[in-house]
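To keep things clear, I will list the structure first and then write my remarks on it.
A, B, C, D and E label the chains in the order they appear, each numbered from 1.
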Amino acid sequence: MTAILETNDLSIAFGGHKAVDKVSVKIPEKKFTSIIGPNGAGKTTFFNLLSGQLSPTSGRIFFKGKEITKLSTTERARMGIGRSFQITNIFPNLTVLENVRLAVQSQAKVRYQMLAHFKHYKQFEEKARELLKKVFLDSKEELRAVNLAHGEKRKLEMAMLLALETEVLLLDEPTAGMALEEVPAIIEVINKIKNEENRTIVLIEHKMDMIMDLSDEVLVLFHGELLAKGSPEEIVENETVQSAYLGGMYDEQLA
Amino acid sequence: MDLIMSLTINGLATGMLIFLLAAGLTLIFGLMDVLNFAHGGLFVWGAFSGVWVYTTTGSFIAGILAAIITGLILGAITEYLIIRPVYGNHVQQILITLGLMLVLGELIKVVFGPEQRSAQPPAFLEGSFMVGDIILIKYRLFIIVVGILIYSAVSFLLKRTRIGLIVRAGVMNKEMVQTLGINIRMVFMAVFMVGAAMAALSGMLMAPYSGVIYAEMGLEFAILAFIVVVIGGMGSFKGSLFAALLVGLTQAFMAYYVPVLSLAANMLLMAAVLVFRPQGLFQVKG
Amino acid sequence: MMLRRMETSTWIYLAIALALFIVPFIFTGRSVLFMIMQIFIFGIFAMSYDLLLGYTGIVSFGHAMFFGIGAYSAAIMLSNGEASIMSLLIGVLIALIFAAIISFIAGILTLRLKSHFYAMLTLALAGLFLVAAEKWTSLTGGGEGFTFMIPDLLRDSGVMYVICLLSLLVFFFGLRRFTKSPLGKVLVAIRENEDRTESLGYQVLNYKVIVSVVAGVIASFAGVLYVLTLRFIDTSVFAVDVTLDALLMTIIGGVGTLVGPLIGAGLVEFAHHWLSDLANVHWIFERWIILYGTVYILAVIFFPQGIVGTLQAKFRGRYNGLAKK
Amino acid sequence: GDGNAAGDGGDESKETIKIGMLASLTGALEAYGQQSKRGFELGLEYATDGTMEVAGKKIEVIYEDTETNPKVARQKALSLLEEENVDFLVGSSSSGDTLAVTPLAEEYETIMVVEPAVADSITGSEYNDYIFRTARNSSQDAIAAAASIADEGVKIATLAPDSAFGRDGVAAFKEAAVNLGAEIIHEEYAAATATDFTANIQKVIESDPDYLFVVWAGANSPWNQIADMKLQEQGIKITTGAPDIAALSTMSALVGMEGFTVYYHTLPDNEINDWLVEEHKKRYDGAVPDLFTPGGMSAAISIVEALKKTEGDATADKLIDTMEGMSFDTPKGEMTFRPEDHQALQSLYAITLEEKEGVDYPVPVLKRVLTPEETAPPIKNEKD
Amino acid sequence: MSSLLELKQVEAYIQQYKILHDISFEVPAGEVTVLLGRNGAGKTTTLRTIMGLNQTSAGSVLFKGEEISGEKTHTIAKKGIGYVPEDQGIFGDLTVGENMRVAMKIEDQETTDRMEWILDLFPDLKKFWQKPGGQLSGGQKQMLAIARAYINENDLLLVDEPSKGLAPIIVEKVMESIEQMKEKTTILLVEQNFMMASKIGDRFHIIDDGQTVHHGQMEDLRSDKALMKKYLGIA
């Protein structure tokens, strides 16, 4: 098993507060890794470090064995690290299709093409439609994104993320605030990606049932440190994890 | 030494005047996140209405009051009609207040006539006295005092009262503040009125300082105010004071030692700040 | 084959363009042509401004700087050398290169910051150019300005008219293509949500700098045409008013559309002419700026899309305006 | 030149003489524009004895606002020349507007009477045959300024805005003053928009002159600060050109100052001026004519006088012949268009500013009339 | 038992879209009433309409027997209603402390006591007292939003999805806190986390497509699998 992403004593502090503290992990290629941990444990911050939104105070990050610690967000995105955000982040005034098309276009070599008509790039549009189908949004492509329901916006984000053709997908609470009813649809999308796309997925979630269903491996962050890692089953059994994160309710929830 | 003292005092006075001008602008931006390019218009209106009352009644104090009242009234109208529809949208704010600036400047000519008007300091502030070889111009000392007073009063308001917090919170999320039982519209209007009154007051104080007022000075001084606000850090009240004094002193000393560059001094200062410290010398937020 | 692929709107524009070529045969008076030429020139200038404001969401307060650079480059070349086509071409070349360099530097420095910083820096730079033009008297004639000769060919206002019209068409169709290119789409994305565009892997700064340079170069060309029609130059080409004019034209006509600024230019020039003529009827029209400003304010509040944008929204039933920031 | 530029204006059969006047009727210089306009109206009336006719032809005037914007000036001039077919252009309030128009006068072979723009270049480097100027030019101002104070051994410092206007003004003054034996010991230039003059005045004090000559035109002015910094108490006398009445009221700190002026309504002693003052008061609510009112009037008189001489012939060539060297009476006494550069030589006035009962600004009181010969400027055009 | 809040046939629009068609329910004093319904059913809109952030186009909203529809939001808030919005409504540039201070209507012994209680409940807030709200983690923001609503003495609290994005252990704490709050304050809760809703709710109303379609006691719902499947998509 090769690690596609690897961190080495990765740390970041915000004015003395260590949000991520000496985390060394290996994220296996083409596997599904989940990150859990209490609120404020540093999960989102860890993602921010991986994707380049933040730069670490110390430690190093490797992507396919190459060090990327000093690279910018865009450079990393182009190498193959894509992420979704905890808050929805789309182009509100553009149509659903235009949203995805922009993402598709960013992958092409025509980023600075300023003389040709975009209509000549039919392939972008086709690809975008295909992706929308994948996330079950094909009926809404002409709607302005702002008018989508919350769950649909998250699906749109997924489509845009898929368009980036990145090898690694970092998903930050893709189902937050979503009705129970909608959750399965998202899980389906994620599952589809996992099975069909052959990509590495890293997921942050608080919904334990989802974690249990999807993950190959689970990492637990606590106060910025890596508290435990292992298969979902191992993690649920882990007593420290139970007292620090799951609390007494977990069993009930599963019930 | 005398020379340096003299340049310093005069530079400080100019700086304080600029500060008074910029204070309203920075207040409105810092608290309400509104870029008010009509600031210069309020400034000229303060100057003209104040000077008009001052010259007809002969009372300087009455002139100052008139300017402040004009500022408050114009501020209320402006906030209600012009600013309210564009809260939260910088681009639109810039565009719309620029339009208001044109209208206010031109209206001055309709109401007060197109000619420039002169204004002299009141008798009790006229002239200067000499301490050793240093000439102290009374009116300038007066301005320095007023500047310090206004700075202290506003700082107190911002730091020691809940008003400052409420306004800042209101900018970030108006609805949320309302659900906390606060009438944010009134608060916003009040802040805008205070900002406008400060602009008007500085117009009135400027009049005897430069001796003349004219309708076009609005845009000119608004640009100066913006330069100061950018140098100080958008929205930082302390920054504006500091930047205004810096600009005042730079002007005074540049004019003496490197007159060639004095015309470009403000612009160069701002360009340098934008390049090396774009958040301004005293930035409060990212 | 090519022809059939063209959009209907293109046909309409081409028809209008053709009609415009006939104008000099109908109105032979120079003063009418002069006015129409000014509309073309400011139309070009406003389009370049719209590229910044309407398409990319960048506010500039110093666009006059590029206009002035173009104007002075041409004027100085023509008055110092002989008034030949050659000197004019050299002047144009200098104008474009100079504008490109300045806009590149201004862009690199401030486009990475929040919107108002670019506005302020361009304002400052334009101010510096104004000061320089006033002080460098030997080159610029200072505040009083100077008159100069233009190549004989261009002295015929019919020829000048055709040149202005051709320039307008080239820039209009060029920019239309530009905004509909893949790159143009990215610009709109930047306007709508800059952070997101960045995280899609687009290097936003590069795009903004490209736009800033393109807009600067075009504005500078408009400046060249302007002095050619005026045959006189003074520092007023660097004045804030010039930028404000572009702003008003763009807003009133419609941001984010190219026809908008053109219509805006026509309307503003025409309204200006007409309203100030009405001053003989009633003194209030001497204060036409009040009227003008009021209309403008109302436009920003009630028709933030401008004339063209509002019409488009009506027809398409779709609202496609300035993003809320 | 242009195909249709030929002098339609010279059409003999035409029954009216059309004059197009360009002035800043709005904008920064609007006060000046209004003065010229009033003066011009009164001037026509005076010169035609109220008939508004000359040599049997009616005179019609079209006033256009340049908005102090060269583009608008040119646009308006073109429409005056083409649509209205005017026989004369008059104007304008700013030198920039004027320079944008003067080449058109040549192209359309139409006489333009420049009033009140002052730039030397109008009748200097940018001169053409169709331009006549009733306004005084910057050099005349400077010479007048020098004449009112300069003398053998007088030490003078200068203060001027750092602009072409300021620097040219000082240069011309310097030449004239040195000719009169004075010595310029210091030149100081301040930003045209400055509000603080401490540094400049400080340097002037350090140079310890007898006089400080100030050239100032912007709305902001150094007068208060000059008074506050007690220059006069330190033995430095101030001198400058007295401006229009609105600006005079900013100079109350300078009572006692010696200087010069282009015009103040009590200064010239002649019948035309008496008429002007009276009519102006009658018509405008008791207001007296201001700095540029007589200029406007002079421009009107010069046109009517020229037409009288050509018996109504408005052909440019004929007019040029007639007007070169022509003398005519104006509220400021006799003026003469110098044949070489078409600049009207005219009287200026050496004055002292004095306080006067019932007037809320310092009043220019006549010291001496500076004759046209005395203030004749150097000829600067390259006319052969 | 008298009802503290009563909605009668409320209709409301967002822009031109009619979102609420017929919402009618009562909130009895001293209980926890839960609004349930699928995504986009109109739960959030209902809360916003009560708060005066949305205008009603028909129907009435009675609070303590007094009509409050049409009143300004701040007036409604002053009558004693607190609100935790769905998007948390944190003032990003203000510190945690300042966020709390803005909310505080009065500073007396009572509030000081509450403050202590809240800070014990969410120690993270105490730890990050000086930190700008915008820099908190998603869950910490949620805690702050809840804390801010608890600080004032209110008769009624409207809480929109408090458990969103919270770790299970924190969800538990929030539940505890609601149970404690219940002693003094009536609560109207919107919650997707059915486990939580069913545990602390006394009665429920189901909203579907802008209409109240069903209501009853919480105990009954838990056993009614058919109903759950029909309206909540829970198998």
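Here is the rule we use: a contact is a pair of C-beta atoms (placed from the backbone, for glycine too) under 8 Å apart; a residue touches a chain by one contact, two chains touch by 3 or more.
For clarity, every value in this text was computed on a predicted model and none was experimentally measured.
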item	value
Partner chains shared by chain D and chain E (touch criterion as defined above)	B
Least hop count linking chain B to chain E through chains in contact	1
Chain C and chain E, separation of their C-alpha mean positions in angstrom	53
Centre-of-Cα separation between chain C and chain B, whole angstrom	32
Chain A-chain E separation of Cα centroids, rounded to whole Å	30
Chain B and chain D: spacing of chain centres that average the CA atoms, whole Å	37
Contacts with 2+ other chains: residues of chain C	134-135, 287, 289
Where chain A touches two or more other chains, by residue	none
Complete list of chain pairs which touch one another	A-C, A-E, B-C, B-D, B-E, C-D
Interface residues, chain C side, partner chain D - complex	28-31, 34-35, 38, 134-135, 137, 141-147, 155-157, 226, 230-232, 234, 236, 241, 273, 276, 279-280, 286-287, 289
Residues of chain E touching chain A in the complex	38-40, 86, 124, 128, 131, 135-140, 142-143, 161, 164-172, 192, 194-195, 232-234
Contact footprint of chain A on chain C as seen in their complex	177-178, 180-186, 188-189, 192-193, 195-203, 206, 210, 318-321, 323
Interfacial residue positions of chain B with respect to chain E in the complex	162, 165-166, 168-169, 172-173, 175-184, 285
Touching residues (chain side chain A, partner chain C) in the complex	51, 73-74, 77-78, 83, 89-94, 98, 101-103, 105-108, 110-119, 121, 124, 144, 160, 164
